[in-house]
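In what comes next, chain A is part of two complexes: it sits with chain B in the first one and with chain C in the second one.
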Partner chain A sequence: MSDLLGYIVTGLGIGAGFALVASGLVAIYRVTRVVNFAQGAFAVLAAMLTASLLGSGVPHGVAELGGVALGAITGLLVGVVAIGRPGTSPGTSLIVTLGLGVLAYAIEILIWGDQPRSYPGVPGVAEVGGARLQAHYLLIVAVTGPVFAVMAWFFARTDLGKALSACASNRYAAQVVGIDVRRMGLLAFAIGGALGGLAGVLTTPVQQVTFDSDVALIVNGFAAAVLGGLTRPGVALAGGLLLGVAQTLVAGYGGGAYQVEVALVLMLTVMIVQAARTGPVAETAR
Partner chain B sequence: MKRLGFGVLALLLVALPPLLPERHLATFVLLTLAAAVTVGVSLLMGYAGQVSLGQASFYAIGAYTAGLLAVHGTPPLLGLLAAPVIAAVAAVLLGAPLLRLRGHHLAFATLAVQLILLSLLAQADWAGGAIGLQGIPRFSVGGFELRNDLGYAYLSCGVLAIALLVARNVVASRAGRGLRAAATSEVAAAASGVAVGGYRLAVFALSAAFAGLAGGVYAFYLGYLAPGSFPVLLSIEYVVMAVVGGLGTIAGPVVGATVIVLLVQVLNTLGTQPGMPDYAPTVLNYAVYALLLVVCVLFLPKGLVPALDRVRRGSLDKARSIR
Partner chain C sequence: MTNGAELTVTGVDRAFGGVYAVRDVTLSVAPGELRAVIGPNGAGKSTLFALIGGQLAPQAGEVRLDGARIDRLSAHRRARLGISVVFQAARIFHGMTALENVMVGAHATNGAGFLAGALRLPVHHREERLIRERALECLARAGIADWADRPAEELPLGQQRALQLARALCAQPRLLLLDEPASGLRAGERERLATLIGELRAEGLTMLLVEHDVAFVMRLADRVTVLDLGGVIAEGTAAEVRADPRVIAAYLGAAPEETGPEAAAAAATATATATETQTATGGERDAGTAARAAEDQGQQNAGVREDSASARKGAEP
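Moving on, here comes the complex of A and B:
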């Protein structure tokens, strides 16, 4: 029984990382209709910078903030390239972000090499209801919860957040009332970058990061986000946590070998069911 | 004009391999195989309007089919013929549910399929597991065995020629017209009686068959297969080649693959010069793919071949107007 509880809390920690990546995807997709393939790269870049900063003596907290800031800046840059040119269709932007994700590999290897990196997080072992697990997982959960709460407040209560939501629900109407849709898109990319960066910074102490960890992150993040049709952050959070718990349970009881497949098969099933519901022909309104 | 292009290409494919030094012959083989896979990707993206980020999985399926059959004593020719068939069957089975998806959903679904395949292959002891499948015999027909690279160069040329020929005929056929119509507007095409779903599945299977056939040759050429030989990046490379060359053109995949492989080769030589850091080749490699893809998609959205066509036609027009 205490095993089960341990797996669940660990899974929530891992899932919180997925949820952050997913919410970044959702933040960008809602406003720009672009699925950002470089979302995993934000996490990797942020984690790598944090590792370097910590290594050169910068205290905890500042180093992590530096990582998140790098994520946000990278997000903005990716946004500029992906949607900066007027008339770029979302499909084209997807391919552009794919290219930028590969470009991030080159930059990461150039600066940090191709070896896995990590840094110490919250030390020690925590006990939850008799189950022992790495204390850092509790930190991940403890940070992710408030972040989602702040996001909900931001999108619903502030002017800027409302403007973003307006772009998400109707671009044309948003333009008519004087919202600069392109600038909002870039802002969304920066927010997405910061969220991706936060995911990388938080999970690196328990999962080493290499330049190509972004594939696993983006696939899991997309799997979480797709549950809510890529537009609902709340569902993305639930999806991420569900994925994390499902993977740890499979790893814990079924032997670790098949935990990758869990996320992927779940994602495929969800997408196929969604497609079956909306019908085979999905012509987008223009 | 089209005929001429094909003639020149055929002549090049026949005449070039013996002239190449041994160390470049390996590049030539891999280049032609990549071009053959890219023909399928281009057909899928250009005519069926679908992005596949998992084309390397069909390459892997073909390679493992040929490799496993040959290791267990099946004649290599049979193994090579089975490779595209098994790849196409896999594509039909996967495509039936997956091709309901569109755009980014399909891109992620194909990517997921490849990740699942790689993970399963790494755990499959009967396929060599993570260490890989070793001891694949060389390709042979009857008693004649292909030993040197030159033979494989011609074999892969044959594969590319088949892929190009089939692709050209499909495009020119009734089904090809239906597909092009469906890529512009699915509803309109379906309303005009195009069996959109069926055609799309057929193209998916066809592109998988090309990849499978190329993978079969790859298995015999290298004699060793591992899940690590088919990374996700390989799938992305095929997309880059297709996009750079020009989607929906027949010559595009060949041009795209050639340009990229040659560029990567030049940069590799540059990166391995004494004095360069040891990570230089990898970095340059990634950077080339990334920058080419981004620049092409943003500034040459139709790819190199149509762009060159336009330039040539433009200069012809100018010459005429002067006269």
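Moving on, here comes the complex of A and C:
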């Protein structure tokens, strides 16, 4: 019983990382209709920079913020390249982000090498209901919750958030009421970058980061995002947490080797069910 | 009260895959004028609108607002210069209330900015209150004040169309583009719309109105421009246009010789429909009636074409 609780809390911590990556994907997709395959790179770059900053004596907190800031800046740059040219179709932009993701590998290896990196997070072991787990998992959950609350408030209550939502709902109408749709798209990329960066910064103390860590993040993040049709951040959060818990349970009771397969099977199932329910035409028309 | 803008379109061209949708169109709308643009299905009316609103850029020619060139500006820049658009389809923002739909544009263009809003500065409160008052006023003018706090997607179609009009008015435009605002409305709604358009004209707002209901247009407009096959074939008062032989030919199918087989086929359909209508209405020989029948015939096709276009782009939810 205490094992189960431990797995669940650990799973929530891991899932929170997936959920952050997923919500970044959703934020970008809703506003620009671009599936951003460079999303995992934001996390890796942010984590690498944080490791370097901590290594050179920058205090905790500042270093992590630096990582998130790099994620946001990288997001903005990816956005400029992917959607900066007026009239670029979302399909073209998708391929551009894929290419930029590969370019990020080269940059990461050039600067940080190909060895895994990590840094200490919250030290020690925590006890939750008799289960013992690394205390850092609690921090991940404690940060992710408020971040999602702030995002929900931002999109629903602030003028800027409403303008972003307007672009997501109908870009023609957004333009004719004077909203700069391209600028909103760039803002969405920056937000997506910050969320991806936060995922990397938060999870690195419990999972080492290497230049190709983005694969696991993007597969799981995409699986979570696709649960809500890439447009519903709340569902993406739930999906990310569910995936995290499912994988920890599989690893705990079965074999740790099957974690990614769990995500892939879940993602495929959801896509097949959705395609059967809404039909492929309706899906692309959205 | 409103300071209507002057619109000048000079020699604009726009082709799609080598076929001209609009070719060498020139028209000039005086400040405060209500200009109607009519023409058979496929005449280029919607393309002309998109060229003025900024959804499309012309391949040649100029569009000027109060003498300043705007044809290279993006749609949102033109909106900020005072051009408001009411689309034929109800393009509203889902996931927001009707009131929020009307307010979102004013927010995007207001001066106080995001930081003031996020920090809840007093300047933001003042602007917020002004925008809200104006938005409620516009909803009332469009006759949907009772729907203000309902989610926009729950409004019936007629009210969604009115919501678009309220949203356009809230931007305090100097040029209002109306793309078939009366199509699909019930008689009462249509009457209310005509009254509102009349009021706006009295206030001095410049308006450009595309409408299939030719009788509706002829009653309201100061002047009428007739398009056919992408070009202007007539311009003048309703009576002048009604009597113009080229207009009658374009609507009734006695097309000039240079028209292609497709146009001839369309004209043949129009003639057939027109004849039926004439029999039904006791043989009233009126270009307006015949034209309306032809336009009704064409409406379905236009709808299908727009749907497939937006599906191709994949940009519309």
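The rule is simple: the second predicted complex is superposed on the first by the 279 of 286 C-alpha atoms of A that agree within 3 Å, B and C clash if a C-alpha of one lies under 4 Å from a C-alpha of the other, contacts with A are read in each partner's own complex, and residues count from 1 in each chain.
Here, contacts are C-beta pairs under 8 Å (C-beta built on N, C-alpha and C of every residue); 3 or more make two chains touch, one makes a residue touch a chain.
In this text the structure is predicted, and so the values were computed from the model without any measurement.
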item: Superposed partners chain B and chain C on chain A - clash or fit; value: fit
item: Which of chain B and chain C A:Ser169 touches, first, second, both or neither; value: second
item: Touching partner for A:Val96 - first (chain B), second (chain C), both, neither; value: first
item: Which of chain B and chain C A:Glu127 touches, first, second, both or neither; value: neither
item: First (chain B), second (chain C), both or neither touched by A:Asp3; value: neither
item: Partner contacting more residues of chain A (chain B vs chain C); value: B
item: Geometry of the superposed three-chain model: angle at chain A (Cα centres of chain B and chain C, steps of 10 degrees); value: 90
item: After fitting on chain A: smallest Cα gap, chain B-chain C, Å; value: 8
item: Overlap of the chain B and chain C footprints on chain A, listed as residue numbers; value: 90, 281
item: Residues of chain B defined as touching chain A within the complex; value: 51, 53, 97-98, 100-105, 107-109, 111-113, 115-116, 119-120, 123, 185-187, 190, 196-197, 232-233, 236, 239-240, 243, 279, 282-287, 289-294, 297-298, 301
item: Chain A residues within the chain B interface of the complex; value: 35, 81, 85, 88, 90-92, 94-96, 98-103, 105-106, 109-110, 113-114, 215, 219, 222, 226, 257-258, 260-261, 264-265, 267-268, 271-272, 275-276, 280-283
item: Chain C-touching residues of chain A, taken from the complex the two chains share; value: 33, 86, 90, 158-160, 162-163, 165-166, 169-182, 281, 284-286
item: Interface residues, chain C side, partner chain A - complex; value: 53-55, 74-76, 79-80, 84-85, 87, 91-96, 100, 104-105, 107-110, 114, 117-118, 164, 167-168, 171, 311, 314-317
